[in-house]
Amino acid sequence: MVNYIDLTIQILVAIGVTALGFAIGMLFNGIARKITARIQNRVGPPIYQGYIDVLKLFTKKTNISHGWIFDLAALFSVAGIALAFLFLPVAGVSLLSGEGDLFLILYLLAIPALGFALGAGASGNPNAAVGIMRALMTMLAYELPLVMVIIAMMVYYDTTSLAVIVQKQANMHWAIFIPVFFIGALVADMALQGMLMEKPFDIPIAPHEIATGPMVEFGGKHLGALMLYKMMGIVVETTLFVDLFLGGGVILSVSQFGWLAYVVNFIVWFLLILFVFFIALLINAVFPRFRIEQALKFYWKYDALVGLLILIWIFVGVTP
Amino acid sequence: MVSIPPVLLIAFPLFFAFLAPLINMVSKKAVKPYTLFVLLLNTLFASIIFLNVSSGGVIYEQLSGFYPPIGILLSVGYLGAILALLINLLSPIVYISYFGDAKNSVKFSMLYMLVTASSTGIVITGDLFNMFVFFEITAVGSYGLVASMRTKKAFEGAFKYIVLGSVGSAFILLGIATIYGYLKTLNFYDIALRISSMPPTARLMAFIFLIIGIGVEAEIFPLNGWVPDAYEGSSHRVASFLSLGPSKAGIYAIARLLFTLIPIMGGFELALLLGLLTLIIGELAALKQKEIKRMLAYSSIGQMGLILVAFSMDSRMAFVAAIFLMISHAMAKSLLFLGTRNYTVGSLKNPFVSVPIFIGVLSIIGMPPFPGFWGKWYLMVDMASQGFWTIILLVILAAIVEAVYYARFLFKGTGTEKSEGISKSEMTAIVILALLLVLVGLFPQYIYAPAVNAASSFLGGGP
Amino acid sequence: MITLTIAIFLMGVIVVGLLNKYPKTAGIIAFFVSLIPFFALLSWSSVMNITLPSYLQFLNFETSWQYNLGPGTLILQITPLGWFFLLLLSSLFPMVILFSISYFRSNAGGFYAAMLLTMLGSFGILLAQDMLTFYIFWEIMSWSILALVIRGGDRKAIVSYLSFGALSAMLILFGFMLLYFKTGTFVFAEMHLDASNLVLAAITLIVSGFAVKGALMPMHVWAPHVYSKSEEPFVAFLSGGLSKLGYFGIMLFMYGVVGFSLLSSWGTFRGVPLFGYSLAVVGAFTAFAGTVLAVMQDDLRKLLAYSSIGQLGYIAIGLGIGTPLALTGALFQALNHTFFKAVLFLAAGAVYYRTGKYKISELGGLGYKMPFTFLASLFAIFALAAIPITSGFAAKWLLYEAAIEKKFLFVTPIMLIAGVGAFLYVYKILYGVFLGEPRYNVKEAPLSQLVPMWILVLPLIIFLIFPGWFVDLTAPILQGYEMTAIPHTPYTINTSLAKYNTLAVIFAFIGTLIFAFILYLSKPQEKVDHMDNYLAGEPPELYDYISMHASSKYYEPFEEVFYPYFKRGAERMWEIILAAGEVFGSGARKIYTGIVGDYSIYILLFFLIMVGWWLLW
Amino acid sequence: MNHENWSKLARIMSKRSLWMIHFCTGCGAMEMPPVMTSRYDMERFGMHAMATPRQADVFLVTGYLAVKTLKRVVQVYEQMRDPKYVIGFGSCTINGGMYWDSYNTIKDLSKYIPVDVYIAGCMPRPEAIMDSFLKLFDMIDKGEAIGWQKYHKYYDQYKRNQRMAFSYRLDEVKDIKEDDKE
């Protein structure tokens, strides 16, 4: 017997969380631009600029489409990133994250990317195709060190569920305070830089080379959807990092503190993802762009080497 | 069941072979049907004799009024009956392919009947000298057949064959002389009975003489120098015929020599060594060949080596394997030689050519369910139960090498053009051969029973 | 009934072969014959504890069958493992035949005949209960593939297939002989093996023999040549169905004949038998290298071939780890690969049927012209890339879980990276063939080609929603190996590490899609031409001689980085071995000088050696 | 929300988030960067330089336009999505500037695409550019920046003028006759 009231509440919470995720994402866009502007000694746009941009794109009078596959991109990218967000534990609250695990999240992140790539390919613009090629190769590049660290963590915590990893960190201490995972966090942070497509790994976008690559043909509401995807992506990816290394921002136990714990944890989580994103922004603001094979070599030679050391560390340390 | 004298198998085609010129004088067109008729009748005789042997045991027949051991004795054993049937069954099929040929040579038909008769003679004779005579007839007939193409290569091949064949004959004669010198008899049974009275050194000497002499005909390394040239020089159907008749008779004689005639210490080991050498060198040499007929010739050498290896195992299972390998080789190799006349790009586009050739290649490589598979399988099972891992490994390597060069061979036939140049009669012949391969492969039990009899008989010292 | 089946198949082969000139008739006859194994499968469903309604079991097949061949006996009997693989092959086979009916325009009799023979061989392999039967049917399957490869007519394909086929056959045969020497019997059930090195050698040889058919590296060399140069429906069946037989063999011998406990007795590492561990490492290497090589291909079929090699590597990983979780994952991957790769190859065939092209750089924009083909291959691609909206994800997920459970620290990252690499090459297919600039004005593929494709997509969707049903299928198989099926409900799978709930994923995805759809409907849109692109203000119609399709050398930076490491590695190894063989060959050939004097001297020398022997005696 | 309010909201949003594509024909490359960087910082107003016309709202045409360049300008303009605004930058877009007697340079940009704001000068200073932006904001706010609507309305006339220019019959280019009734 399904409890309809619970289900309804769950659905409402899910909608709320999704909306919140998008809201934070848009906010982050503004913050990012503001911070970058301040670093460059400019005034910068207002902090709510992200909302204005997205609203503007959705209120454009006319939109163009290159066919139904092109439209799929908008649908898949928004739906996919929201889906991934639902499966992440946010501030220790696991909405659906008990129903899947870290592998599922990694693959759910591929849905928007693939949908986006479909749309970009369907636009028929060569720049878009080149951009997708770069995006996929960047993905290949940063995934190796990332999965090395993630697998080391999975073996260390003896679970693949992100919710359980967060739980275990709350019970003991955050992973970043374990020496091996401190190094792991550095490796993963480098990978995060590529995930967020910030400099020096903004190769796929590269407005000056390939005219924003995959997004070259997107305008109006389609671009709005992609902006939502990208903004939400920031939240999802930084949350993934925070969940893995910073205990998901959980500092108070719900059983002890009740609703207060939710609020405090939420604030801590927000500050933590902001902090992680801030680091990425700082790197972004001062670096030029890599070429694609340089990025591949960076990740596979240096980052993955450290990742390999972590794996060996765990391999030697963990006894069956 | 009717019983017919085995001598008919030899005498009948021999007699009618010499009548062929007369027929030729009456009507030139009649020669081919006449020859085919004779060969088919002989097939009938061979099958009746085969049935008689399998139901009633070995048939002995003495000739020319003298009693053995002085008189000539024919003894059709189990193996002899199988091989006689094989040779006489396949030779008319191969002859069918001659019908499409514009040439109408009575000499060819004569020689063909002659060699059929004499090859059959080798496998059913009970007398050493008689066997020598049949060897001579086979050899002389084969020289003529090889040269019948009348090209430079044909003459070259025939010449080499003649030279080496004569050397071989001389050795056989020496062997016979040695034996006769000690035992004063040439009858197989007599020799087998009294061989222990012969001094071991003399026995070994006789063995050496005979194995060299017969080895030339049986294509054993290093006595087989004539093989590639003779096969390459001769026409396709001659090559096909040579691989089913004389070579089988030769390997039979070797088996006879090993098992019943002069059992000596180390004889099987020597045969094993020779067999393996022949196998490996034949297969490796085929690997580098570009000329198809030459490649098939080297492949033949390899197959003969494998058969010799099977005989040299000196066990029942391996003996059965050898019989299957002989059947497979006789059928498949004659099929391949026939099918590759004018084997150019596009041959495989014609299903009536491609499917038989494919089956032939599969049988030679040893793929189930064809006779070659049963041969290799029994051989390996036997060797496995005895634990001869090195030999299995060598046989396996040879099979892989075989696969590599046959793959190239198969590729040569693919293409977009339509094949031309294979006549209807040739096609009929190869389709029949392929059908025989499939039948033997699908129902090995009908060969297995007589083969086991032959094995027990040979291993027990019988014919 | 089995006798009848075999007889019908053999008669079908002859009839269809003789109907070479009438491809349609031959195809229809072959289609009806090809349905028989599926009916047999239905009638045997009780083996898997499935009760089907009686109208589905209108043909009643006996569960075991014997045929006396004089010296040996053919023994066939249905087992759960055989049933599972028969499910894959017998459901794929009629679809492939159905596809071919409209695909071939002439001379297809030989094709159907050889295809029926491959199916007959597979049927026998899956049911075989002794090594003789297994080997006979294995080789029938093997050489009927050769016949189909010969139809393709490519030198490298024929030579490499026959050489590797023979290598595989001989490895298997050698292994069988070792087992026979050890046990004195050919029947699986009567074998009593012990932990001797001989058995280890035998199982190693047998598994490496099967690895040839399963295209594990470095035995994979034949696969790209054969896949890229043969007819498409056959390649779909080869890659989808027949390549699984290699893994069927590995599973049968590793877990059925030898058994997990015996495997463990040759040494274990962290609870995994060393034998399985090395198989898993080989599998992981195959998965990675196959993926990298697939990314570099331009020929659609070569790309799919290397992708097959890579995806099959996952099955090897699962079989190597050998826990119930891993075996379930391996079987699931086998099922998924059967269907998605078949769909992809059939789609490639449909594309070729319409355009006559296989080169990705020459295709483009077909997604709008052939939308149903595109959608079917999109589903297949989702399954291949393990996107969690098809069943492809569940299989990979089980394998990852199994690897983490056994703490495979170095294999798992490689598996994951190979999974990411898969995105690269599937996007090459998507963009290069279906998206981008429309270059061909063609029609949608004919209905008889679309129907098989879509039927083959169905399992991918069914097992997405109910992966538990699949786990139910594996229960009898695992029971035979004294293991229990992993805990599950129809739509959830639990492991010791985590849980996977497909309903949650599906409903959440539908929900978010609705959310996105509302956003999407917010404003009207107009459709513009595909060529109306921003090219720095250049009007594209001015440059119609320049292709707007950027698919040639698509992953050039990738190739620059990886090509030096993957430059024909395995192929070169085998070529060196072959060259060594040819050196021996030319040595052997030089013995035959062609000079009659030399030959006489050989005889003389031989005589002298013999005389020497005589003198020493 | 009724239509009136909706379009008002849309106007506000589009005013605060104008994304710009600039068509540099050679002029303005020195004057534009200060506008974007820390001295004048147009991002204060939510303005942004974009790489493709699909994403852009403002089209900044800098400098003179040869007939060949005009083709590209028209192409880019038509690829932009409504609402879209054009700023003519420099004297050349107004009357041909120093190329007033060139045989293949167009003289008045507004005869080919509707221009909302002109910036006079050769070259205009960054302050002038900023001023034009503010002017444009003002016009959008008041609903006066209706160039894109004009382009739809008088499409035939614009097209005709463009055709004439492309075939080098610059003397046959006519003014856009506005219908005063509306």
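General remarks:
First chain written, first letter: the chains are A, B, C and D, and each begins at residue 1.
Throughout what follows, contacts are C-beta pairs under 8 Å (C-beta built on N, C-alpha and C of every residue); 3 or more make two chains touch, one makes a residue touch a chain.
Treat the numbers as computed from the prediction; the structure is a model and nothing was measured.
Chain-level centrality, scored on Cα centres against the all-protein Cα centre, points to C.
Ranked by how far their CA centres sit from the centre of chain B, the chains are topped by D.
The greatest number of inter-chain C-beta pairs in contact is found between A-C. For the pair chain B and chain D, the distance between mean C-alpha positions equals 96 Å. A separation of 36 Å divides the Cα centre of chain A from that of chain C.
Centre-to-centre, using mean CA coordinates, chain B is 43 Å away from chain C. Taking each chain's centre as the average of its CA atoms, chain A and chain B sit 77 Å apart. Contact with two or more other chains is made by residues 532, 534, 536 of chain C. The set of chain B residues that touch two or more partner chains is empty. Shown for chain A are the residues that touch two or more other chains, namely 59-64, 211, 216-217, 220. The touch graph of these protein chains has some other shape, matching none of line, ring, star or complete. Here chain A touches chain D in the complex through residues 33, 37, 40-46, 49, 52-53, 55-56, 59-64, 207-208, 211-212, 215-220, 223, going by the rule given at the top.
Contact residues on chain A toward chain C in their complex (touch as defined above): 11, 14-15, 18, 58-67, 69, 71, 74-80, 82-83, 86-87, 96, 98-104, 106-108, 110-111, 113-114, 117-118, 121-127, 129-130, 132-133, 136-137, 139-140, 143-144, 147-148, 151-152, 154-155, 158-161, 164, 211, 216-217, 220-221, 224-225, 228, 291-293, 296-297, 307, 311, 314-315, 318, 320.
Every residue of chain B that touches chain C in the complex is listed here, in rising order: 159-160, 163-164, 167-168, 171, 200-201, 204-205, 208, 211-212, 216, 222-223, 225-226, 228-229, 280-282, 284-289, 320, 348, 351, 354-355, 358, 362, 365, 367-369, 373, 377-378, 380-381, 383-385, 387, 392-393, 396, 399-404, 406-408, 410-411, 414-416, 444-446, 448-449.
Taken together, the chain C residues at the contact with chain A in this complex read 270-271, 365, 367-368, 374, 382, 385-389, 393, 396-397, 400-401, 404, 407, 409-410, 412-413, 416-417, 419-421, 423-424, 427, 430-431, 435-437, 492, 497-501, 504-505, 508-509, 511-513, 515-517, 519-520, 522-528, 530-536, 548-551, 554-555, 557-558, 560-561.
Per the touch definition, chain C reaches chain D in the complex via residues 532, 534, 536-539.
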